[in-house]
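The letters A, B, C, D, E and F name the chains in turn, as written, and every chain counts its residues from 1.
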Amino acid sequence: MFDWKNLILDALAEDIGRDDVTTSAIFLSPAPGKALLIAKEELVLAGIEVVKKVFSAVNQEVVVKSNFLDGEKVEEKKVIAEITGNISDLLKGERVALNFLQHLSGIATLTRKYVERVADYSVKIVDTRKTTPGLRILEKYAVQVGGGRNHRFGLFDGVLIKENHIKACGSIADAVKRVRIRVPHTLKIEVEVGSIGEVKEALASKVDIIMLDNMPLGKMEESVKLISHRALVEASGNITLNTVYEVAKTGVDLISSGSITHSAPASDISMIIKE
Amino acid sequence: MFDWKNLILDALAEDIGRDDVTTSAIFLSPAPGKALLIAKEELVLAGIEVVKKVFSAVNQEVVVKSNFLDGEKVEEKKVIAEITGNISDLLKGERVALNFLQHLSGIATLTRKYVERVADYSVKIVDTRKTTPGLRILEKYAVQVGGGRNHRFGLFDGVLIKENHIKACGSIADAVKRVRIRVPHTLKIEVEVGSIGEVKEALASKVDIIMLDNMPLGKMEESVKLISHRALVEASGNITLNTVYEVAKTGVDLISSGSITHSAPASDISMIIKE
Amino acid sequence: MFDWKNLILDALAEDIGRDDVTTSAIFLSPAPGKALLIAKEELVLAGIEVVKKVFSAVNQEVVVKSNFLDGEKVEEKKVIAEITGNISDLLKGERVALNFLQHLSGIATLTRKYVERVADYSVKIVDTRKTTPGLRILEKYAVQVGGGRNHRFGLFDGVLIKENHIKACGSIADAVKRVRIRVPHTLKIEVEVGSIGEVKEALASKVDIIMLDNMPLGKMEESVKLISHRALVEASGNITLNTVYEVAKTGVDLISSGSITHSAPASDISMIIKE
Amino acid sequence: MFDWKNLILDALAEDIGRDDVTTSAIFLSPAPGKALLIAKEELVLAGIEVVKKVFSAVNQEVVVKSNFLDGEKVEEKKVIAEITGNISDLLKGERVALNFLQHLSGIATLTRKYVERVADYSVKIVDTRKTTPGLRILEKYAVQVGGGRNHRFGLFDGVLIKENHIKACGSIADAVKRVRIRVPHTLKIEVEVGSIGEVKEALASKVDIIMLDNMPLGKMEESVKLISHRALVEASGNITLNTVYEVAKTGVDLISSGSITHSAPASDISMIIKE
Amino acid sequence: MFDWKNLILDALAEDIGRDDVTTSAIFLSPAPGKALLIAKEELVLAGIEVVKKVFSAVNQEVVVKSNFLDGEKVEEKKVIAEITGNISDLLKGERVALNFLQHLSGIATLTRKYVERVADYSVKIVDTRKTTPGLRILEKYAVQVGGGRNHRFGLFDGVLIKENHIKACGSIADAVKRVRIRVPHTLKIEVEVGSIGEVKEALASKVDIIMLDNMPLGKMEESVKLISHRALVEASGNITLNTVYEVAKTGVDLISSGSITHSAPASDISMIIKE
Amino acid sequence: MFDWKNLILDALAEDIGRDDVTTSAIFLSPAPGKALLIAKEELVLAGIEVVKKVFSAVNQEVVVKSNFLDGEKVEEKKVIAEITGNISDLLKGERVALNFLQHLSGIATLTRKYVERVADYSVKIVDTRKTTPGLRILEKYAVQVGGGRNHRFGLFDGVLIKENHIKACGSIADAVKRVRIRVPHTLKIEVEVGSIGEVKEALASKVDIIMLDNMPLGKMEESVKLISHRALVEASGNITLNTVYEVAKTGVDLISSGSITHSAPASDISMIIKE
């Protein structure tokens, strides 16, 4: 039930405000046109559906024909999509459509790099809650399309017991117990740990997922062995494209990364009008 | 009349959903706490006001004391702000506050680099409409704080006549004439040009601003001389940190850049809870 | 991040519309008053916080002092709360406050009956998604307060694979596999089964929860033994106050009931204005 | 101008949240399906239009063909409607559609019982403002469909002078006078009375409707005679299915009941998917 | 439950948009100021409460002290109110506050003229539904303040059977009958008539109010006599300040006028800043 | 991106509320009808598009065929448009459609009078921000249609430095300087002046527009000569139909008037239903 409509209309309202004064002054009557979306660099496409929704929010009669599916690699100079409609509608929707498409493709492209880097292992690259306010669902979609997996969407669909939760309860055991009473039984329980001792405590409490937070590689490996499939193991903490391979080697099940969402540069895409 | 309230509440709703199930299950009664926002790398701060608004949206009693003003450089390891309130409220607001702060500081930090690079000239670095949907006002604020200037906010508060507008009218002269009749006389008229010939046409039409789009450096210099302060001159088109100095040298008044908003990596900032 | 404010304001708007024409015509100047909420029958209280929010939405200066906590049993004729403020504000909030309180207390009261009926066993009474549109969070809160537990809140925070999902995939194994790829790893997987054979399939797929749907008591008992704590076991399907004890006896972990939310009669509570 | 759209979308959003994760993971491509709504007990149907709107909010292409009109009695095991569309859309809309339909049919079914009980008299069964927050229009519609009549919808479309209004003015005469000055002349004036003396006062003030609140049967009869068609007479106060016939016998024009809306058990209806 | 907040915020957003760019650029730090609202012509004041709400929506600390109550006559050059706060907040709220105040005072001033013109008679001047979209409640309030009375607020709180309704039913009798079955018994029934014959039909149907639509004065007088207090009598149809006295003389109970709301010129009021 | 939808729906909701009770009670099944919009006096049409949107918001199947374009003069008794659809839909939309159309045509008609009065000169009649809260875009549209031009839409798309801004800075020069730093370079700078001295200061600061506020005609003429096309010249301050010709004669470029929007009487238009 993701609310596309408001997201798109708010973005258009932000850009167009009371009117695109230039275009309205110049195009006094409708004139048919055609525009092309061109990849100016190699990218993994994400968000073509958003582009369609943006233009159809401007005018239902605009037609977007895409040559690629989300998740496909697009080489430099390729035409991503062809858009037909009134030129003034194409101009009104252009910037918002590109802002979405470049941002999401940027995320998918960077995620794909992480995924390809660890292809030797069965480990999954997962996202975090470090997303742009308002765009989490789209950004997490771009991660999937890039080949990554989704961690919990928010604070409501997964339990993650962190250091401060544990401190407040006195022990991991106690924190887990409190959660079991009050949280729907449909959610798994994950605990963030920083030492082998804490890994053991977490195992004793029969948690479902153990997050190794900023652990050195050696400790990670040790933890993986200790856990021995009794819980899912997630590695977390400033893991980069340079270090991700070594982390994968430790045998963890999941590697989570904030940068795939919060620091992916926009993909270079432009719109050219042909008439 | 920027609508802070909905922006903040929507961001919190996106993250918290029906509830922070972990924190609600663990903190059954209020417990006072203190948190620190720490710069994990050097950055130009932007968004401390947003941080305050996020936490006070969670609970009006949370107090954020910042040690720096927006626009100030913060060195690695410095404490950006101290936050006091119920631990559970600190935990509920943490991620959203950081998502805003890291994003905006990233933009200010990158903008500052551009600004410092061209410090020898009186040219202004200006932003574009290539912003994240929903966050334009904040991102443009971060550009200002980074030392840049703002271009028009949207399609409503500035006239920019582009190639397709000109084609539809037959000539720059005609396009400018149509705009003059229908657009409030309070808005300046800018024309995008690609050649010396078009610069001359624009001058003949007495436009207020001339945008040199993707012009080679030599042509830019020639245009600047030709225009000779009869209009503001803006350089545009894939100008990077590497090329910006050479562009500034041509004597243009304004250099616009999309990457300062759409491709700035998030600044590394984290929140640590002390009690 | 539950949106109390809109819920309360919408309810008041629905009732008051453009104005409480009678009260506005009669009370031309403010007159202090006091009102009592009286239990007209024995009940388990739920929603006293909503009552406070309703009256403070009418006028922030109305004060509600409650003599009971949510979850406490209130005997017939007892005063639940004392409300002071302008008489006109008391009259304007009365109906909406009572509509919430009577409805939620009705749910808590009925839930408590189920919980007490099965007190001999460690089984939990859990709610369902059979709630009144718009009021799910409040109704699930009333279930907790009544002594019940919460099942998933919606389709987003728990996986429940039903007959039609299984049919579409060909087998439980296949359905579970598809889900594992696409759903956040933070959610448990529950499967609805109708026969011992399906119980075995579910166990083979290592699901987290098995729902026995409309199974005869004998089959339930057999299933519980077969599962033997390898998954949580939930009994479901028209279980009433009359049958719930027998179901509990089978050893299931959870018994879910739609009637505690959709068919609980409103508790009889009235508001009396003094002086 | 009832706002169906938001009501339905909010209800779906409450249930589906960011996504029906199970169904989205399993149905990767559209698959046509058919579902039946089955009455599991005898009921008076109310809300078939809501069902249509729910499914078409999920996907405009879902088609609901109903075999009964609202207000008709449906026997146990009868098929109320046939729904065709993508199976995943049927599954996404199922719970919300049923939650509305079961609730409204429950109200219509109970109202019909009251109406049938007093069929010997010309008295009307009318509803009250004791409705579920957010659903008043639908619930009052269900009352009509069940054969009842609607009292005022809220505080804005009818004047009802109660005890506290009278106290504040000193007398019924004075309260009526104040109201006559300030309230649109298009609204009738009703006064709540508890004694024969008050009935006389109300008559002297030429009110339009007199509500006999919690009066013993004998006093009611006396009041009816006294009033002698100079005003409409409404009986009110904990009138049940057991007592309603005796009340009707007194000759009152209207009997109002809160339980037909706030305590009607949901009708038992289920959805079965056939493909 | 009139939604002041959105009305005021929408009006400010319409005027201020993303920012008052002039004031924000000039007032970099807060500076205390005082402003006076001055009547530039004699007027009947209406809307001083709106002025307060506008300024407090800009900044809660702005204080508005009014020297007059709504409904009072203010002579030319008198100070209506004194406003203190930051100068920048005074400037940001000025235009919106004045737009409301001038509009509402214009309506009150014109209404007062009608009321004074017919002071010899007990007839009431009432408004219509001919109001500015979005401002009906305020405009009807201004009518009251001017000494007029309110007709129904909308199509929901009064029955008005017009020519087309009658045609569709065949007769007034039939139309009234249909309405009596379906409309809450709390609403009076008014019928629009154009001839003595129709007056008689309306009387036969025992309607509560009879509207004489565009009747010549002689027929009006005849109708009033015929009706003889068996129903309220309303005169309607292009009645002006010039004709209203003659209409009043016919003995009708109510005279409705659209021009008091839709054609009242704004009162001349200005704001002067003193520091 | 003007939000027609909410404007129209809010206006209908304001009028219809929960239902048009009369029409719903009488028209139980759809009946086709035709209505005519008739000019009851000569007018300049504005808002026919709004009429279409109102009726199609009531029911998408209502068809409005207009015989005139916005901006055309319509003589008394002419049919402005023909509307076909269900009679009940015509009745439900009638009042709201007329409220918009009469208001906007009133503005266009009055604006046209000003424009015709100054036809001997090239001066433009421009509007102000003195508009009805919520309707600014429509009212400014009506001004255009009447032959006027639009000043800035709000505080965001034009800089207007007034007396208080100047005082706060010490001089016009300083105020202009501050604005140049912080306001997008796409907006022109206008200064309000009251004396020849201030005109000179404004010229020295190279502002784009000079507003002569409440200046006597002689001073205006002197200012126009002094400015000599180095800036646009706007005359402002209680200019009426009687004085506008003399003002035009001074040679100013623009004359702004608040009364064309805030004091235009509604045009007399009515809707008549045929069969």
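Operating definition for what follows: a residue touches a chain if its C-beta (ideal position, glycine included) is under 8 Å from a C-beta of that chain, and two chains touch if they have at least 3 such contacts.
These figures come from a predicted structure and were not determined experimentally.
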Set of chains whose contacts include both subunit F and subunit C: A, B, D, E
Self-contact between copies subunit B and subunit E, residue sets same or different by half: different
Selected interface, D-E versus A-F, where C-beta contact pairs are more numerous: D-E
Mean-CA-position distance for subunit F and subunit B (Å): 34
Whole-Å gap separating subunit C and subunit E, where each centre is the average of the chain's CA atoms: 46
Interchain centroid distance [CA atoms averaged], subunit C/subunit D, Å: 22
Residues of subunit C whose C-beta touches two or more other chains: 15-19, 153, 156-157, 159-160, 182, 184, 187
Sites on subunit C touched by subunit D in the complex: 7, 10-11, 14-28, 31, 33, 87, 91-92, 95-96, 98-100, 102-103, 106, 129-136, 153-157, 159-165, 167-169, 175, 178-179, 181-184, 187, 258-259, 262-263, 265-266, 273
Subunit F to subunit B touching residues, read off their complex: 126, 144, 149-153, 156-160, 182, 184-188, 190, 208-209, 232, 254
Contacting residues of subunit C [partner subunit E, same complex]: 9, 12-13, 15-19
Complex interface listing, subunit E residues touching subunit C: 1-3, 137, 153
